[in-house]
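Listed below are the structures to be examined.
Here chain A shows up in two complexes: once beside chain B, once beside chain C.
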Partner chain A sequence: MSDPVLEISGLEVTFPGLVRSTTILRSIDMRIDAGDVLGLVGESGCGKSMTALACLGMVPAPGSVSGGIKVDGYEVVGRSDAELGAVRGSKAAMIFQNPMRSLNPFFSVGRQMTEIIRLHRSCDKADAYMIAMEELTSVHMPDPDFALSKYPHQLSGGQIQRVMIALALACRPKLLIADEPTTALDVTVQAQIISLLRELADKTGLTILFITHDLGVVSQLCNRVAVMYAGRIVETGSVEDVIDNPRHPYAAKLMNTVPTIGHGLRDLDSIPGQVPDPAFPPPGCAFHDRCALAIELCSQTIPRTKVMAGAHEVACHRAGDIRDAAKVTS
Partner chain B sequence: MNAALVSVEGLCKSYGTRHGVLKAVDDVGFEIYAGETLAVVGESGCGKSTLALTLLGLVPADAGTIAIDGGKTEPASGAMTKRAGSDIGVVFQNPHSSLNPKMRVRALIGEPLVTAFRMRGKTLSGRIVELLKQVGLGSEHMRRYPHELSGGQMQRVAIARALALEPRLLILDEPTAALDVSVQAQILKLLKALQADTGVSYLFITHDLGTVDYIADRIVVMYLGRIVESGPVNEVFADPRHPYTRALLDAVPTIDPGKRGGLVTIRGEIPSPLNRPDGCAFAPRCHWSDDQCRTLAPALINADQARVHACHHPLSFEIDDGKVEEIANEAR
Partner chain C sequence: MVKYVVQRLILMVGVVLGVVTITFILSRVLPSSPAELMLGGRPTVEQIAAAEAEMGLDQPLPVQYINYVSDLSQGEFGRSLRTGQPVLSEVSDRLGATFELTTLAIVLVVLVGIPLGVLSAVRRNSMLDNVARAIAVGGVAIPSFILAMALQLIFYGALGWLPLQGRVAPIVSLDSPILPITQLYLIDALLTGNWDGFRDALAHIALPLLTLVILLLATVTRITRNMMVEVLKEEYIRTAFAYGVPKSSIYYRHALKATLIPMLTVIGLTYGNLLGGAVIVEFIFDWPGLGAFVVFSIIANDYPASLGATLFLAGIYLSVNLIVDLLYFVVDPRLRTQ
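Then we have the complex of A and B:
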C-alpha cells in the first residue's frame, strides 16, 4: 500500500487558561490514503475545524500541539512558519466556509489569483493568467475571463467558492482540506459544488478532508467518514459502515436525528442534554451521560478504539453489544 | 372546508434601492388553517423573510390584504402591528440576537405579559414558570441571562416568549438553522408537541426540505418573490409539478443509502431580484424552458383542489423520470 496523504497520530491540542488549561483535541488518530474523500463530522465545538487547522500548522496562539501530523510524508508539528510554507498551498490547501472572507475585497479576482499562482509556481504574469484561466475552466466557471476581471463582491457565493477551489488546486496539492465549504450556499448551488468536488476526486485522484456537520453531504460525497465528539474520534469507517450501520451510540443517534424527506411520519429521535464543555469533560467516555446504553464502566474509563471489521473502528465499551442501530433508538 | 385562520391575498412588497426597484414579495396569497403547519421554502432572496415581516406588520406592505380570523386588515396601517402582537407570535433564526443580553429569562418572557395583560406578582411568576415548563425548562432558568444558556435553551426561551400571549399563529423563521442537528431534533419535537397541546398554527420558514417533511402539513415554494407551487407536503414531494420544486428536491443531500450518488444539479444560480428575468423567473435555469417561458410569466393555476402551480410545462410523475435521467447523464 502506498503512503497515506495525511497521517495523524496521537494529536493533542491544548489551550492554556488562567485557572486550568483546556484540551480541545485528545489523541486523534486519522489516516487518509490517496484518492480518498474523508468526511469529518460532528457538532459545533467538537474540534473538527481545529483538526483541519492543525494539519496546516495553523493552530492559533497560545494553543500547543503535540503528537504527529504527516502531510504527504512531511511532519508538520513543531515546524516554523517559514518551513510550513513548503506545505501550505503545495502539499495541502484549504477552502473555508465563507469564501467572501477568504478574498481581499479591494483587488480583482484575477489579480489575487495570479499573485498566488506566481508565488507558488514561479512564473511570469501572462503564464499565471493562463493557469488561472485553465483552473477556472476545470472547476466549470462560466466565462472565466469575465470572472477574473471582477471584484469578489461582483460574483455570487457559488462562483466565489469555485474561485477558491480553483485557487486551492492551482498549486497541485495532494490534499484539499475543505472546512464546511457548502454551508453558506443555497441548496441547489451546494449540489453543484458537491458534484464538482466528487468529479475532481474521481478524475484527478484528489484527496479531500471534508469537514461538515451535514450527514447528507457526507453520504453523497465521501467514501470514508470519521465521527468526532468532544475532541475525540468516536467512529471511523467507510460510508456504508458508519452511515448505514453505525456502532457508536452517538453516531447511531445522530443518524436518526436528521429529518429526511420520505421519513416524514417516522418519529424524529433526539439526543437528551447537550455537548459537554471542553474545559470540564466528564470522566470516562465523554458521551456517557447522554447515552442510553451507558454502564458503570463508561463513567470510569475512557474507551479504547476497537476494530470492528476491516477499517471500521469504534471507541465504545458497548460497541460489541450493539447488534443493530435500531436497538439504540428505542 | 372550515374557514381559514389566516388568509393572505395579493401581498406585494418592494424596496427602492440605488440600483432600482427590488420586488421582494410579488402578489403572494395563501391560507393557513387552525392547527396546521404551513412551510414556506425557497433559497436566499426568494422573499420568505420579507413575507414574515409583512405578516407581522414590522414592514408595511405595498398592497394586498391579510385577514386574521375573518377580520380584514390593511397591512400598511398601524393597526396591524397592534393586532399582530396578540394574534401572531414570532421566533427568529438566531436567539443570540433576538434575546436581549441584558435581560434575565424572567424579564424576557414576562415583558409581553406585563405590557399586554398588566400581569404582576405571583400571577406573573406563575405564568412564566408555566411557559418555561411548556418548553421543557425548569424554574431555575428564570434568573439566568441568555449567555448562561445553550443555543437550544435560548431558542426554547424565545419560543416561550412567543407563546406568552397565546397567539393563534406562530411565525417560525428558520428556528433551527443556527442549531446543531441533535438540538434541532429536540426543538422540532417540542414544536410538534406544543401544536398538539395548544392547537396553534405555524408558518414555518425554512430552506431545509427534510424539516418540512417532518413538521409541515402544506408547503409553499417561492422563487424570486413569487409562489411557484403549493400543496400538501406529501403530494408535492411525491409528485412535484414545477421544475424548480423538482430541482430543490433533487439537490438535497440525503443519508438515504438508496439515493447515494444521485444528486442531480441544475445550472446557474438564483439571479438577483433586481434584474428579474422576463417571463418565468426560473426559465434561464430550467431544462424544460422554451420561448413562451422566456416571454410570458406563467399564472398560478389551481390544478386540483389543493395543488397550485405556476408553470407553462408542469411536470408529471410518470413521463418525466426518463428525461431527468437523461439530464443527469448530460450534466456528468
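Then we have the complex of A and C:
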C-alpha cells in the first residue's frame, strides 16, 4: 500500500489563556490515502477548520501544536514558516469558505494567480499566465482571459471559487484542503462547485480533505467520512458505513436520527443541550451529557477508538450496543 | 472620475471663498489702524484720513469686502503695509522655504514612519512595538516649541554641531551664494554644484526638520501599525500565507497596499497640520517661510500680507488633499472600475 497523502497522529492544539489553557484539538488521528475524498463533518467550533490550518502549519499564534502531521511524507509540526514554504501550495493547497474575501481586492486575479504559480512552478510570467489559463479552463471558467484581467470584486462568489480551485490545482498539490468551500455560495452555485470537485477527483484522482457541516454534500462528494465533536474525531469510515450505519450516538444524531435499543428510531430536528465549552470539557466522553445512551462509564472515562468492521472506527463505549439499531432507518 | 474632479474643484472654490471671508472679517475687527501703520512715524489726523480714503478703508465693510474679492479674482493681492512690496512677490519668495521644509518633513515621515509601523504591527507587543508606542505618546504630548528649543539647546548650545537658526549663513551667501532656481535651496545648490551652499543649507534645515519629523513620526507610525494589524487579519492575507507567499511580500506588498488608502488620508491631513505647525517652528528657527511671515504680518496688523499668506496656505492644503483624493483612484481598483 502506498504512503498516505495525509497522516495525522495524536494531534493536539492548545491555546494558552490567562487563567487556563484551552485545548481545541485532542488526540486527532486521521489518514487520507491517495485518491480519497474525505469529508470532515461537525458543528461549527468543533475544530474542523483548525485541523485544516494545522495541516499547513498555520495554527494562529499563540496556539501550540503537538503530535504529528505528515503531508505527503513531510512532517509539518515544528517547522518554521520558511520550511513550510515547501508544503503550502506545493504539497497541500487550500480553498476557503468565503471566496469573495479570499483574494486581495487590490490586485487583479491574473496578478495574484501568476505570483503564486511562479512560486511553485518556477517559471516566468508568460508561462505562469498560460498555466493559469489552462487551469481556469479545466475548472470550466467561461472566458479565462477575461477573468484574469479582472479584480476580485468584479467576479461572482462562484467564479472566484473556481479561480481558487484553479489556483490550487495550478500548484500541483498532492492534497486539496477545502474548508467549507460552498457554505457562502448560492445553492445552485454550490451544486456546480461540488460537481466540479467530484469531476476533478474522478478524472485526475485528486485527493481531497473536504470540510463541511452539510451531510448531503458529503454523500455526493466523498468516499470517506470523519465525524468530529468537541475537538475529537468520534467516528471514521466509508460514506456508506457512517451515513447509513452510524455507530456513534453523535454521528447518528447528526444524521438526524436517534438510535434507541430495540425500539427502532424516531426523527429528531435537533440535539438537546449544548456543545461543551472547550475551556471546560466535561470528564469522560465530551458528548455524554447530550447522549440518550450514556451510562455511568461515559462520564468517567474517555472512550478509546475501536475498529468496528474494516475501516469503520468509533470512539464510544456503547458503539457495540447500537450495532443494528441505525440500520432500521435506512 | 472627471465628474468627481469637477465636483471637487467647485467645492474647493467654495472653501477658498470661505477662508477669504473669515480672514477678511478677522483682519477688520482687530482694533488698529492699518493706515497709521502704512504711513509710519507720527502722522496727523488729516494724513490718516487721506490714507484711509486712498486705501478704501473709509468705505462700509461690505463694500471693502467686495472690492477685496474682486481684486483677488484678478490676482491682485495688494501691497504689504510693512514693506510696500506686492504681497504676491513677498509670499512667493517665502513659499519656497516653507515648501522645502514641510515637503522634506512629510517625505521623511512617510519613508521612516510607514516601515516602522509595519514592523511594529508584524512584531506586535515586542520591544520595538513598545518603544514605538512610548515615543508616539511622547511625540504627541510634547508641544512643538518646547521640542524646538530643546533641540536648539542640545545641538547648538551644548554640542555646537548645528546652527541656531536661519536658512543659510550670511558668510555662505556672500562667498558661495545659492542661485535661486526653484527656491528650494537644497535642490538649487545641487543643481548648480554649490557644495558649500548645500552643506550649509542642510545644516540649517536639520533642526527645524527634525522638530517636525519627531512631532509627526509618532502619529504616522502608530496609525500605520494599527491599520496593518487590521489588514493582517483579512482572509486574503491568510490565502497568501497558505500558498507560501514570502512574508516580506505579504507585508510590504499585499498588506501595505490595503493600508495605503487610509494612510493617504492621514498623510494629507498631516500635511495640513504641518503647514499650521510649521508656523511656530519657522518662528523659533527664524526660518524665512510663510508661517513666520504670517506671524509677523498678524502682529504688525499688515492685513493684506496676512490675508494673502493665509490664502496661499489654504490653497496648498486644499491642493494636497485633492491630490490625495485622486490618488485613491490610482490605489483602489474598486473605485477605478466602478
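What to note about this one:
Keep in mind that, in the parts below, the second predicted complex is superposed on the first by the 310 of 330 C-alpha atoms of A that agree within 3 Å, B and C clash if a C-alpha of one lies under 4 Å from a C-alpha of the other, contacts with A are read in each partner's own complex, and residues count from 1 in each chain.
Following the convention adopted for this analysis, a residue touches a chain if its C-beta (ideal position, glycine included) is under 8 Å from a C-beta of that chain, and two chains touch if they have at least 3 such contacts.
Being a predicted model, the structure only gives us computed values, none of them experimental.
Chain A has more of its residues touched by B than by the other of chain B and chain C.
Of the two partner chains placed around the shared chain by superposition, neither chain B nor chain C is touched by A:A292. In the overlay built on the shared chain, the residue A:S156 is in contact with chain B alone; chain C does not reach it.
In the superposed pair of complexes, A:E240 makes contact with chain B only, with no contact to chain C. In the superposition on chain A, contact is made by A:E43 with chain B only, not with chain C.
Judged by the touch definition given at the top, the superposed model places A:P105 against chain C, while chain B stays out of reach. Applying the stated contact rule after C-alpha superposition, one finds that A:L215 touches chain B and leaves chain C untouched. Of all residues in chain C, only 234-247, 249, 254, 257-258, 331-334, 337 touch chain A in the complex they form. By the touch rule above, chain A contacts chain B in their complex via residues 43-44, 142, 156-159, 186-192, 194-195, 199, 213-221, 239-240, 243-244, 253-255, 257-264, 268-272, 274-275. The touching residues of chain B, when paired with chain A in their complex, are 43-44, 150, 152, 180-186, 188-189, 207-211, 213-215, 233-234, 237, 247-257, 260-261, 263-266, 268-270, 331-332. Looking at the complex, you find that chain A touches chain C at residues 56, 58, 81, 84-90, 93-94, 96, 98, 101-108, 115-116, 119-120, 151, 153-154, 164, 167, 171.
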